[in-house]
Every structure is written in structure tokens, then in C-alpha cells.
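For reference, chains read A, B, C and D in written order, and residue numbers begin at 1 within each chain.
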Amino acid sequence: MIDVAAIKAHAKALLEKGTVRAVIGYRNSTAGLLAEPFVFTGPESVDDLIYGPSCVQNLALYLVNDKKERAHHKSDDARPVAVVAKGCDARAITVLLQEKHFLREAIHVIGVSCEGTGVVDTKKLARKLGGKHAVEIDFDGGEAFAVTTADGVQSLPAAEIMAERCLECRGAHPQLADIAFGEAKTDRALHTPFQAVKHKMKEEQDNRWSFWARQFDRCLRCYACRSVCPMCYCEECVVDSIQFAVLPDTTAEEKANRIKWIERSPNRSESAMYHMVRAIHLAGRCIDCAECERVCPVNIPLRLLNTRLEMEAFETFDYNPGSDMNAPTLTSSFKDTDPNSFIR
Amino acid sequence: MANVQETAKDEPGFEPKIVAFLCKWCSSAGSDLAGVSRLQYPSNAVPITIMCSGSMSPMFVLSAFNKGADGVLVSGCHPGDCHYLKGNFYARRKIYLVQKLLQFIGLENDRFRMSWVSAAEGVKFAGVVDEFVKDVKKLGPQTRLKAKR
Amino acid sequence: MTKTMAMEKMLNKADLAAWMGKLETHQLFAPMLEDEGVWNYAPVVKAADVALDQPNTVRPPKDFVFPQRETLYRFEQVRGEAPVLTETLPDPQPSVVFGVRPCDSRGLVRQDIVFTKEFDDPYFQGRRAKTIFVGQACKVPPSPNCFCNSVGGSPSSEDGLDLLMTELDGKYHVKAVTQRGADLLAKGGALFKEASASDKAAVAKAHESAKAHPQRPIKELGKVAGALKQNFDSKAWDEMAKACIGCGICTFLCPTCHCFDINDEVTCSSPCKGERVRTWDTCQFPDFTMHTSGHNPRETLGSRLRQRVCHKFQYFTENHDMPQCTGCGRCISLCPVGIDIVSVVERLGQP
Amino acid sequence: MSHNAYLPKLGRIAAIKDEVPGNRAIKTYQIEFVSGDGFEHDCGQCAMISVFGKGESMISIASAPHVTGYKQFSIMKTGRVTTALHDLNVGDIVGVRGPYGNKFPVKDWKGKNLVFIGGGVGLAPIWPVIQTALHHKGSYGKVSVFYGGRTSRDLMYKADLDKMREQADIHLSVDAKEDGWKEFVGFVPSNVKDKAPSPDNAIAITCGPPIMIKFVIQNLKELGFTDDNIYTTIENKMKCGIGKCGRCNVGKDYVCVNGPVYSWAALKELPPEY
């Protein structure tokens, strides 16, 4: 079991000593069961810090946002920022480090192991509870979650209400950490990695198309999947309506000639382009935190799309994103043994 | 961008529109050779010269399909022959991934293809295009990723 | 919509399908559970499958009057010549939307204001005139984040509706709010029985008990606008927006949000041919307000959160004497990071 | 059935004049309505100009209401639509819809001295007021115009301003010294401070880059102008022009409907989100 008090004590000490600017962590939300990402800046604020199965968000995103914000405010505080990181969050941070998004010494990683479990899937939980609303969820030993509803507390097997990505997780213990809480469990006998993708790949091509066409039709283009993704840090995205990087010497022609690759209309073809571009851009970078899928208000199975190339990276190119910050990235490297027979 | 909106809609006389992204140093020269050698091969491919197959953006592939291409070909130098030494090796990985993704969402396998064609391989280029056109003809017009406008 | 004499009828639940069967001149919509596990409005295929007392839909019914994409007109122009513009005003089949929650119908009232003030919007009006909204009074709040009572509404509000249905053991009490609602009711003929005095009393009781159900509270609605004005420069906006990821969920899925973008979608460059299209847009995206010069009046997440909250609870109230929020709770429940408009208003919108 | 407000009327470009060269070039267009069913406008109002296939831009109408044959627009090349406009020729057809927005309360200014202060392309929105004041010369008091640009090449309407010298006090300025420049050297706000127009029975109307407006207002207040005797115009990104799309919303106002003309007294009440 994770010792939350110890995490708090560590965070508090960091802020008291002033060794970090802030601690990015979780606190309780007023909006519902799930935690809310929060930036703790004073030692006393750390009293609100929580950790549990409701801490689903990938906090690596807030390191990216922190960098943007610091640039905006021209902050010159050079101290590192601390971040609470699960296994998947730490993998995301590793990819960001690998891409030189920030320096290793600019962050202090408070690693937290998911041990034998992971985070909750609220949709699964809702189904499990029938009509009842859960108001609190916590770890209950190594393999169960304690769920509080109006009727009291009940213990539910974690495997039944855990997020799919946690069931398929290949790195539940953060590899990258300045300090780690919880133990590394090697015997997580849950699902086989890439199980969902492989299952979908067995379907007929036409059926796969009908499936994805329907999903592209349903897309709202709210861009929550992009906004929540720590890897989607581009200053300007192909779907944005105008050029963001406008400098004093940017000419009118440059702005006028900006290519509109994708129309704003939520049509099947345009939304397909959007999701495909994202999936390709995530090749070798997606660390399967599945936040894109979780945040989608209409439940488009984006994890399925984005882990397809992860499977390829892992099985064909022996590449595991987020495992080595010093390795060359998937698409900036090659091997002589790469597949060649598909080329005419 | 080439305007490839208007393709034949009737299956019998269907002439697929192929967008061929050809590397400047090999495949583009190979296509020129096929032309000056007066080789007989289908005229369905709209060639777009790129500096290197390694500079091929997946966005170009998607955009071509979005604008109505029935097939997309990327062609570069043979492994070891890249003008920029390693560009085609990067391309090989990237295009492989794009192909897997397109197949996963259910685009027909035969609509996206990669080939190695050197500057001396006019005959090979003609063959690649001929074969591609035949395969795409069997599939009919590409409707899955084409914008409906 | 013209108000009519209160017409109150009773319909056996089992006869709902029969009534729907008599409405063949209209296309019928009702909330349906999609394969992906979300409730959304969908065309009624089998009337017997319609279940009205369900969680509220993810997409609000504004889709019916203000679809996410609308072609304004088509253009075709040979360079140097006059363009041909073809107006594409919507002419949809008349439709009836069942299962509309009172918060969402009150959202329609706000849409009505926006799309008719100063200038008429013929696209909106064309759709509005052809769409009949049948409300479904809530028995219990469909979401833990409901707060209709706090923003001047109620679980049985009739605002913006043509008919209001209330479930009473095995029966529906159906009240006509507008003439076209009454006409729709009349098509059911003998399926409907006149509501008795005891039926009416039962409905009143049901509405009262629904209203008494605890909801998220905003204490002094009347003072929110003034307090927000006072707190415009508060540092709390940035702090509360720290978690915000800047997506469009809260606004796209809001029953009252109406902002849109207009773009030319070109299908052919010579002659220049295409459509001028409007699509939903949101104040939460940075490109919403960014000038071509690069200057952006609302550059930060905090300023954009403030715009969303102040537009709903201050600016709209100043102009139209009602908040542009109807308490459906979608923006709270669907926010990926738990940004909670009720908490924000409690913090910065109270004296 | 009311007219569809989104559907533009067609306008033919009758004349194009190059005002300012360079990266941020300004051209002046005279646009006449193709079918003669144009619209009347008031000083300060704007119109949405369409280049089909590129989009629409909100541009202030630079001609005075009494000019009926055409509408004048002075347009700086800044983005997609304005670049496309700069590529058009005389005779080309564009879309025009409007008029949009509020107006300068010129009727209330009868008998008053008018001080106009413009910078760069910001002369265009106040130009119709200047023209109106000079057209009805007897109705208004003294007219003075302060106008400046980065260099003398960046000044527009030069010939018109020269012609105007008999009827009005014209004070031109350039930001930095240049050969042959005989008038004020320095920023527009400094020129205003230097010439110190009297606030008595006077209205000041200013338009230009935000930073210029800020200091002009500061200097005007030092000279004794009160908040409700200072007028300016603001701009925000716009799409619909008719108060629906929400893009130009600032506080309770939609700039396309409730603006672009504001007295400083009114503008101060709005959030500074423009």
C-alpha cells in the first residue's frame, strides 16, 4: 500500500526547504470522484495533497504547461519543479526528456508505484455500482479498491474496475524517479499487453472501417484528446485555425499562405485526418496513459488507435517509449533489420 | 496541392488517380527515364517531386487521400543509395508505420504503397505504376478518406 | 412560441409508442444509449424502445437548432467575374424531440435570445420553427452535478418547451405549453385522458418533491454578477485555471453556448468554388480571440476561464436579466480535470 | 421574410490607390455596389468584406455618409483575407455586408471644436468624421487633425490632407528624423502634447495602434479633456458581425454591434480584453 502521508511529508519538506518551486500533484475535486491536478506552491497547501486510485490524470502534461506559463511570464526562478508520477506519468516525462523538452535537473520526480493495481475507470465503476454514485475511492490492500457510496464502504476487486491501460501496463513502477514510493511488483498477472489492439486487428478490414468511420463521425473536435496529451506540446497544431507563432517580422503572406490541411467541420474525412495525424505523431511517443480515451466526452476508443503503432514499435522495432531518455527516438533512428519486404 | 477532386465515378471506365511522391534523386529521375524511353505505362500517376523519401510527411499521404486520391505511392532510392545517406532508411520506418495505421482503420491495403526505384530503373518504375494502377482499379474509387464536399 | 390555455392530459406509459406512431408527419428523436455507452439523441427507430427517464444526454439538444456545422451558402467565382452565391437555408423535416430535460429547454430560451437579438438568424430560426421540444420533468437530479434550482430553473420548468411530460406511476402527465404542443397532443386523440384533479395534485406533488432534492447550491444568484465584476482582476482565476487543459468540452456541450466560427471550405480553386460554413467554436481555444497581428486579448487559460464564467453569470445577466447557465452540470461532470463552475462562482461570485 | 444577414451584397472595385508600400502595405479601395442596392452608413460603422474562398474581414468604412456612389476602405495587408484583397484588381467583385456597429455621435458635436488624432491605418475609421465635419463646415467649430506614422512613407491620404490645410489645422508627424521632413518629429502623442489643443468646447477623436491610443488619452487628459469628450474605436477579431458568434465579446458588449466607437468614459468600464 502506498504511504500517502510519506508522499505528503516529502512534498512538504521540498517546499519548506525551497528546493523546488512547486509540487504538481493531486487534490480532491468538488466535481466528482476523480482527483484534480493541482500545483502546490506553499508547504501548508500540501495538506490537501492526496494520492489514490482516483488520481488518473497524467501530470507530465502540467510540466509542459508549466514551461509554457513560465515562458509567458518570463519567470526567472531556476529551481526545479516537483511532480508526482505514476509509472505512466514517469514514462511520459522520460519521453519529454528524450525530446529535450526540458532538462533532467529542472524536474524532481516523486515516483509512485501502482504496485499491483492502477487507477479507476469511472465508467466501469458506474456499471459495477448500478445506479449508485461513488463519492470516494481508495486503495484497499494490494488488489482491491474501497469504494464509498451513500450506502457505505465496499471493497471491490481492483481488476474489475481498473482502467484497461492499467490492466495492460508494462511499467507500473516508475523507472524515472528522484524518490519512489511503493514497491515494484513484477508479478502483475493482468492482461496481455496490446490485447485490445490485437483483438481489433483480427476483424475484417471492412468491419474495421465501419467501426472507425462511426467513431470519426461522432467526434466533436473539442480537442480534449489533444489538450490532455503531454506529447501534444506543439505550439501550433495542424488543426488550429490560425498561425500562433506570429513574430514582428512575420509577413502577411506567411500568414495568408498557411496551409489549411484540415477543415474545421466535424466531418468524417476531416476528423479522420485529425485523429490519424495525432496517431502518427504519437508513434514511438505514446506511453499509453490513455488519457485521450478517458477524457473523450463521447467515448471514442482513442487508446485503441494510438496504441496500434505502439504495438508495432514494440514488436517490430523493439522500441519501448519512455524507457530510456538517452536513446534515439523511434522515427529518428533505424536498423538494417527494419522490415523491407513491404516495399516494391 | 494538385487538384485531384474529380475522378471518374463510373466503375467500368474507372481510371484511378494515383499521387506519386517521388524522391528527386532517384525515383523522379527513374520516372523521367521511363518517359524518355517511351515505355508504355498508365498515365494515372500524378508525380510530385520531393527532396528525399525521408522528407515525406505522413500529412501529405493523408491529405492526398482526403482530396480524393485513389492510391498514394511513395518512392525513393534503394537502401544505401540515398543522396542524403540515410533518408530512405528513416522513410522506411515512417512509411511502414503509416501503412500499418491506414490498414488498421480499414483503408484497403492496396491503396498505399512504397517502392525503391533508382534513376536507372525506368522499366521498374513503369512496372510499379502499372501494377499499382491494376490493383487500385480492382478496388474502385477511394471513398473512405475522401472529403465529401 | 404562443402560449396556450393550460391543457393537461394523462397517457398510459404503454401508449407512448402508440402516440409516437400517430406522429408520422414528424421525424422523432429521443435519448438513446449508444454502443459506446453514452446517451445521445437519436432518431426513434422502434417507439417501444424509447425510455425517457434516463440520464441526460451528453450532447445537449441545441444540435437540433444550432448544429455543429451549418453551410451558410455556396459560392462559385471565376476570377474577375461576379460570383454566384447560392443561399442554403435549412428546410428540415418537422421533428419532435422527446426527453428534453428542463435545464436544456431553458438553454434553448437563451439560444433564442442570441439568435434573434438585433439581427435575425434565419438558419437558427428555420430549424427552431420546425422542431417541437417535448420535455421530461426530472424526478431526481439525473447527475450529481445538477444545479438547475440555483440558477432560476427547476426540475419541472416549462421554459422553451412545447410539452412537458411528468412520469406518475405507470402514466405520463402531459401538459401543453404552446399551441403546437397542444396540436401534437391532439394527434394522440383518445390515447389521452383528461387529467383529473387528483392527477393534477399528484403532478404538483411530484414536481415539488423533485425540486426538494438536494442540488449543488449557488447561494445568492442575484449578487453573482456584481461580485464577478468586482473580482475581475482576482489572481484566483489563474489559480483555478491551473488544472485546465484548454479543451472545448465545457462549451461545446453547454446547452447555452452559441459561439461559432465561419470559414470558407474550398473544393476547387479555379473557378473558386466552395461553401461558407459555420462551425461551433469556443472561447476556451486561444485562436478564438487572437488577432491576425498576433495580439491576443485572452492569452491565458485563466482569462479564458474568466470569460466563460463571466459571460454566463455576469455579461449575459447584465444584458438579459438571467444567467446564461441553466445548471445541467455537463461542464462539471465532463471536465477532464474537475473544473467546477459552481465552485468557481461560489469562490468569486459571492459577496 | 427578412434578408439573410449572412449573405453579402456584391461590390465591384471601382478604384484602388496604393497608400503605403512595404510589408504592411495599405491600399485604398472604392467599392460600388453591383446592383445599386447598397446601404447607407453612419460615421464609424464597418462592413464585412468577403473574398470568396478566403473569408471575410471587418473593415471600417472610410468614406463619409454623404458620399453615395461608393464606399471607401483603406486596408492594411495583415492576414489571409487582406492579402487576397491586395491581390485584386479594379473591376474584381467582392462581397460586402453591413453596415455594422455603432457610430460616432457627430450630431451631438455640432458647434464643437473637433480634434482628430490618428496613427497609421487608424486614420481610416475617423476619416468619415473629418469629411463630415468639413462638408458641413458651418455646423462645427475648429477642426484639427494630428496624424503620424513611422516614416513619411507610412502616411496615407497625404494628398487629401494637403488639400485640407485651408479648412483645418493639419499636424503631421513621423517617428524619427528624415531628410526633407519639415513637420513634427516624434510620436503622435508627443505632437498632441506639443501643440496642446484646447479642451474648451472640444471633442477629441483618436484611432491608431493600442499603444498610441493609450498615450494619446493620457496626454489629452493632462490637457484637460474629460473622459466623455474623448472618443476612440476598438477592434477585436470578428466573424459574424451581427452579435452572434461571440468572438468580439468584451464584457457585456459585442464590439461588432455595441462598438467599435467608444467614449473613453464608456470604454473604461469594459474589461481590457481588446
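Methods note: contacts are C-beta pairs under 8 Å (C-beta built on N, C-alpha and C of every residue); 3 or more make two chains touch, one makes a residue touch a chain.
Small disclaimer: the values here were computed from a predicted structure and weren't measured.
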A student comparing C-D to B-C should find more C-beta pairs in contact for C-D
Specify the chain most distant from chain D by Cα centroid.
-> B
Would you mind pulling out the distance in Å between where the CA atoms of chain C average out and where those of chain D do?
-> 39
Computed distance of Cα centres, chain C from chain B, in Å = 47
Geometric centre distance via CA averages, chain D-chain B, whole Å = 52
Indicate the whole-number Å distance between the mean C-alpha point of chain A and the mean C-alpha point of chain C.
-> 31
What are the residue numbers in chain B that touch two or more other chains?
-> 147
What are the residue numbers in chain C that touch two or more other chains?
-> 261, 263, 265, 269, 274, 290, 292-293
Residues in chain A with touches to at least two other chains are numbered 242, 255, 263, 267
Quick one: which chain pairs are touching?
-> A-B, A-C, A-D, B-C, C-D
Any idea which chain A residues touch chain B in the complex?
-> 200-201, 205-213, 238, 259, 261-263, 267-270, 272-273, 276-277, 279-280, 283, 305, 308-309, 312, 316-317, 330-334, 338-340, 342-344
Chain C - residues contacting chain A, complex = 34, 36-38, 40, 58-59, 68-69, 144-145, 242-243, 245-249, 252-253, 261, 263, 265, 277, 279, 282, 285-287, 290, 292-294, 299-300, 332-340, 342-343
Chain D contact footprint on chain C (complex, rising order) | 72-73, 75, 77, 79-83, 85, 87, 89, 114-115, 117-123, 232, 258-264, 266, 269, 272, 274, 276, 278, 281, 283, 288-293, 295, 297-298, 303, 307, 310-311, 314-315, 318-319
Interfacial residue positions of chain D with respect to chain C in the complex | 2, 4-8, 10, 34, 52-56, 78-80, 82, 89, 91-93, 95, 210, 235-237, 239-240, 242-247, 249-252, 257, 271-274
Where on chain A does chain C make contact in their complex?
-> 29-32, 34-39, 57, 61-62, 69, 72, 123, 133, 218, 220-224, 226-228, 240-242, 244, 246-247, 250, 255, 263-267, 291, 294-295, 297-301
